[in-house]
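There are two complexes below, and they share subunit A, which is joined by subunit B in the first and by subunit C in the second.
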Partner chain A sequence: MIRDFVYSKAKTVKEALDLLEEHKENYKIICGGQSLLILMRQGLVAPANLIDIKSIEELSYINFKPKDGLKIGAATTHSDIEKSSSVKKHYPVLVSMEKNLASVQTRNWGTIGGNLAHGDPAGDPGPVFIALNATVKIANSERERSIPLEEFFIDYFETVLEDGELLLEVQFPVVPPRTATVYEKFNIIKNDQGIVSVAVSITMEKKGSSCKDARIVLGAAASIPIRAKKAEKLLIGQKLNNGLLEKIGKRASKEADPVADIHASEEYRRHLVEALTKRMVRKAWDQARKPAR
Partner chain B sequence: MMKKYSVINTPIHNIDGIAKITGRAEYAFDIKLPHMLYGKILRSPYPHAKILKINTKKAEGLTGVKAVVTGKDTLGIKQGIWRRFKELCDEEILARSKVRYIGEPVAAVAAVDEDTAEEALDLIEVEYESLPGVFGPLEAIKQGAPQLHEHAERNINVTRHIEWGDVDEGFKKADHVREDWFRCSSQHHVCMETHNAVASFTPDKKLTVWTSTQSHYYIQVLLSWVLGLRENDVRVISRYTGGGFGSKFELDSAQFCSSLLSMKLFKPVKIILTREEEFMATKRRTPMFYYLRTGVKKDGTFLAKEGRVFTEGGAYTSMGATALYLTGFFQAFPYVWPSYRYDGYRVYTNTAPTSAMRGFGAPQATFCAETQIDLIANDLGIDPIKIRRKNAMYPGYEVPGQATIQSCGLSQCLDKIEKWIKSQGKLPPNRGIGIAAYGFMSGGIFNWFDTPYAFSSAVIQVKIDGKVDLYIGSQDMGQGSNTTMTMICAEELGVQVEDIRLHMGDTESCPVDLGAWGSRETLMQGNAVKMAAAKAKQQIIEYAAAKLSPNIVYDLDIKDRWVHLIARPERGLSYYDVVKEAIRGKDGQPIIARGHYTPHRKGMISPAYSFGVQAVDAEVDPDTGKITLKNCVTAHDCGQVINPLGVKGQLEGAMAMAAGYGFTEDLPMDEGKILNPNLVDYKVLRATEMPETKVIEVETYEPEGPFGAKEAGEGLTNPTAGALGNAVFHATGLSIKNLPITPEKVLEALKEKKKEEKK
Partner chain C sequence: MEKQLLRITVNNEYHELYVKPKRLLVEVLRDELELTGTKRGCNTGACCACTVLLNGVTVKSCSILAMQADGTEVTTVEGLAEGGKLSPIQRSFLDHGAYQCGFCTSGMLISATALINEKPSPTKKQIKEAIHGNICRCTGYNSIIRAIKAVAEGKYKEEE
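Moving on to the complex of A and B:
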């Protein structure tokens, strides 16, 4: 049963921030409601005020500029991202990630801001965005701040967002040349949340065939999306071979800190981290090595 | 020559399809009555506890609350569907002194709206004394385990023994003996429409209940019993049922509590179970621990089989006793076993009761049996098809003391599947095709419910314009029986489907049928309908004969609305004209006829059996253990097909359900608490997981069925888990004997195998 609440609808970012300020701790932001309503129905969250930001037009956009990269407004839906031609062209991994995220209905309602703010370690955007080195822009009624997404998540369903703060935008830097970013989640039913997921981004040296930079990000393998930095280090400056790939997989698996639940044991999750990391590193490597478009 | 059938074997869409897809079909869910109240049920948070005290004062004081009922407000009757056996009637529905599973109802509230009712639940104070619980059958049967019911020592609820031939002798003669243990998991029905009811008790002491059920007759009888009303003062209406699969022919908490509340208030009360309640506190498929010992000759001839099973009963009997018998019977299916011994134990546990679910014990039996057969074939180096063909049941075979098989197309099914497998050529690595053979009953012969009525009845009235009113007692829950009955009636009477107006789902106007379970409708209700239609036809023909005045040696028939001489079809009259005259001649009375069916001298189980063989083609990812279904081909003998589209729908639905049982669905628990009572964590297959499916009909003629038809309902759920397991076996060399076959189990087995190989 959903407890009674007072509902307000903001039309602009300013209106929203004022409402947040006004209601202090006793509110919840609702955007697409896809995650929040489940919690409310289960009685796990019972806010006195609900502040709806879904109709704020200035929060719903996808802007790409060759020099600045990509900016996505927090209230942009998964479907909008999935269908955007500029995203498809410059950040194709986001399209494939979105296509496998939840059902069409959830994608039509759910927003990217809501997904990140929800702080679910099994969310798909988190690991992929971190692999793409994304930043988030956050504001309250007084100031604005930007932080790397990597520092955004704190614990299960907990982020750095403070009372009165609104997530405004996700920013993706321009993708360096000879870079490939790939992502796979392991699930049993397609489009379910991942039991484990792995995003890998590899940038090759301008010339030659060794790795210049690598990001390996694990989803649902700890309380937040985490980078397997030691595994990344094994790869940076190196050329990939099967022996190295094995080592990277093993290392990533060690860096994971998964828990057991009804869908998988801790051990199995570790195994999946290893298997998926190997698969994704190999895939990113092969793609990044291809001559530039 | 006229076509043999003008209606039967023509693919037609469900006659209620349009009402359903346009949202006009009125489910109990949709019923709204003036002054209707909403009810909610308080359920036990303990798996095992004494109820010391219930204080409802505060709840009653909440504004908007109209009544609260507890076990004290009931007659305290322990009810059950096995009415012939008193000790198997063990469930009160509203517990009076003891709760035995998490989710057992202890009180119910009626209020002006759902939110108020739910708020009131929080205000009911129940004082429990928690008792130690026991959660698995193997623990519960041990001496000294906590006992659930006073009458059941060592928690043994029911036992079953089946035996024929000389088993010990059989094993002595065997060249090869195999022993295996299996564990079959639970499964939930996941009906789209959760259990719900609107009950309305009026001052004339009559109770009307709109509900979602597979048997309005059972609900009528059970409600009248536990409420102390006359059977026919209870009217149960169930026009549409949003899924049943075995979950909806026992009396449920929504029906009972809404009735009790309505009787107290003389106002309609509606209760709809939430999805969570549905998962936690309605019935589910019976988990089983299976031991099988099997002896065969070197050439693969079956000699002896011994099966022992311990089933997790949960807190009450429900339909579990039937599942225990059927799993034993179908363990020996569909083969010729010269000797067989089965011992089954159903054990009470402090978990949600287990009961009927599509296949009714047979999917478990088939999974274990078919897995073991492939292992035996592998041990002996025999082809899986060949070993099955060698031992297959055949027409006229008698299962000693149990059943006589009349029609049986098993061998043809094996041929078709063998051909399909060969057409696939060599498979890529990590791919495998597994098969499983199966059979099922076309309706049960058992009458533990103790009905004095015929098992099925039908009434027909032909009106002046030739329109036919067909009254049946069976229940369509999506399986398409309304369409099947309409087709059988139209064919027999010689009219078209559009001429039939069907009346069903109401105990007040419909004759008794025991309901849609045990795959009984096509055969049993079908026979009753056919008999009624034949009798109505006879009356029409009498008038036509008078008019046509043919030579007495000619026979008449009706086909496509044409009443004619069989030998000279051009000599005839319009059906419509004859009907008009016939009614005039009957002094204005419509043509009325009745039909009924009860199996007599047809063995212990069923009058007829369906057969089939399924092949599942699956791929296993060696890195993760993940299984992907590629193809599923089923050769199926359901006798004469009535509606090919209906069979296809049944097959695809069964496939999704049974594959889910095989590799994704489960109800994990912690001390009796179900851990995934929602559709995010409970994994039902979706369209994306469905493989290509193909059905090959093998037609036989079943003398006992209407037009030769048999079941196409539950049987199709039997093979898939076994065929899937065998596909994994052929892809990887690993046999997983513990359902569901999850990627994690496959991977563990792969790792074990690698370790073994290193040694």
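Moving on to the complex of A and C:
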């Protein structure tokens, strides 16, 4: 049973921030409610005040500029991202990620800001956005701050968001030339949350011979999405070969810190990290080597 | 807890009613407006039996507060037939025996309607993607897909 609460609908960001300030310490923000209502129904979350930001139009947008990159408002739905032509053209990995995220119904109402703020280590956007080097813009009634998404997650279902703060926007830098970003999750039921997921972004040196930069991000392999930095180091400056690929997979699996739950044992998750990392590094490498799209 | 004013258009009929903010859309549809065609299956957001159209797109009515639907237009399974005539999707479901117990049927019909509205001639893959979240406990997916496919192929056009 959902417990009673006082409901307020904000129409602007300013209104929302004022409401957060007013109800500090005993409120919850609701956007699409796809995750929150489940917790409220179970009685795990029972706020005295519920502040609805879903209909704030100024938080729902997708802007792409060749010089600045991509900006997505926090209340933008998964479906809007999935169907955006500029996202498809410049950040195609986001489209394939969205197509495999939950059901159409969830994507039509659930939002990108809600997904990130929920802080589920099995969420899909986290690892992919970190691989794309995304930043999030956060505000309270007095100030605004931006931090790399990599520093946004703290623990299971915990983020750096403080009382009174609202997630406003996700920003993606321009993708460097000769870069490919790929993502895959392993699950038993299609479009379910991943048992483990891996996102890899690789940028090639000018001549297309060796790796200039690499980001390997693991999902559902620790309490938050994590970068396998030692595995990345093995690849940077090198040319990929099968021996190196094996080493990268093994290293990433060591860097993971998974737990056992009803979906999989710790050992199985480590195995998945290795297999998926190898698969994604190979795929990103092959795509990044191809001449510009 | 104080009730709040909800203004909502359901199946082209405008309603004003007072609801507690914790009420879910599915509860208002079924218990207040007595439109029991919309089914409550899992009540946790996992089965899509409760699917309705909200401003033209499919959503799970068990996973939306009624107050979030304030000012919107909702279509439930009761709103698919026009002037007493079943919609092409509904007729095709009948012809193809695309239901067994019928519990998932309202949600399936709504998802299929949204698909056909958006893409009149979807491929089989697109049909599967569109109903992916709608779980049929009787597992009658093949006949459901055949029913939608028949509409996609224009078999129910002439009767419209």
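Things worth noting here:
Keep in mind that, in the parts below, the second predicted complex is superposed on the first by the 292 of 293 C-alpha atoms of A that agree within 3 Å, B and C clash if a C-alpha of one lies under 4 Å from a C-alpha of the other, contacts with A are read in each partner's own complex, and residues count from 1 in each chain.
We adopt the following convention: contacts are C-beta pairs under 8 Å (C-beta built on N, C-alpha and C of every residue); 3 or more make two chains touch, one makes a residue touch a chain.
Just so we're clear, the structure is a prediction, and the values are computed from it rather than from any experiment.
Judged by the touch definition given at the top, the superposed model places A:Ile30 against subunit C, while subunit B stays out of reach.
In the superposition on chain A, A:Asn108 contacts subunit C only, with no contact to subunit B. Residue contacts after overlaying the shared chain place A:Lys9 against subunit C, while subunit B stays out of touching range. In the superposition on chain A, contact of A:Lys54 is made with subunit C only, not with subunit B.
By the touch criterion defined above, A:Ser265 lies against subunit B but remains apart from subunit C after alignment on the C-alpha atoms of chain A. More residues of subunit A lie in touch with C than with the remaining chain of the pair subunit B and subunit C.
Legend: residue contacts after superposition of the two complexes on their common chain; A:Ile188 is shown touching subunit B, with no touch to subunit C.
Contact with neither subunit B nor subunit C is seen for A:Ala46 once the two complexes are overlaid on the shared chain. After overlaying the two complexes on the shared chain, residue contacts for A:Arg279 are found with subunit B alone; subunit C is out of touch.
For the contact definition in use here, the residues of subunit A common to its subunit B contact set and its subunit C contact set are 190-191. The part of subunit C that touches subunit A in the complex is made up of residues 1-2, 4, 20-22, 24, 43-45, 48, 51, 54, 57-60, 63-65, 67-68, 70, 111, 114, 129-130, 132-134.
Those residues of subunit A lying in contact with subunit B across their complex are 1, 186, 188-193, 262-265, 268, 271-272, 275-276, 278-279. Subunit B meets subunit A in the complex at residues 114-115, 118-119, 623-624, 626, 663-664, 668, 675-676, 680-681, 683-686, 688-689, 742-744, 747. Contacts from subunit A toward subunit C in the complex involve residues 2-7, 9, 30, 33-34, 37-38, 41, 50, 52, 54-55, 79, 99, 102-106, 108-109, 190-191.
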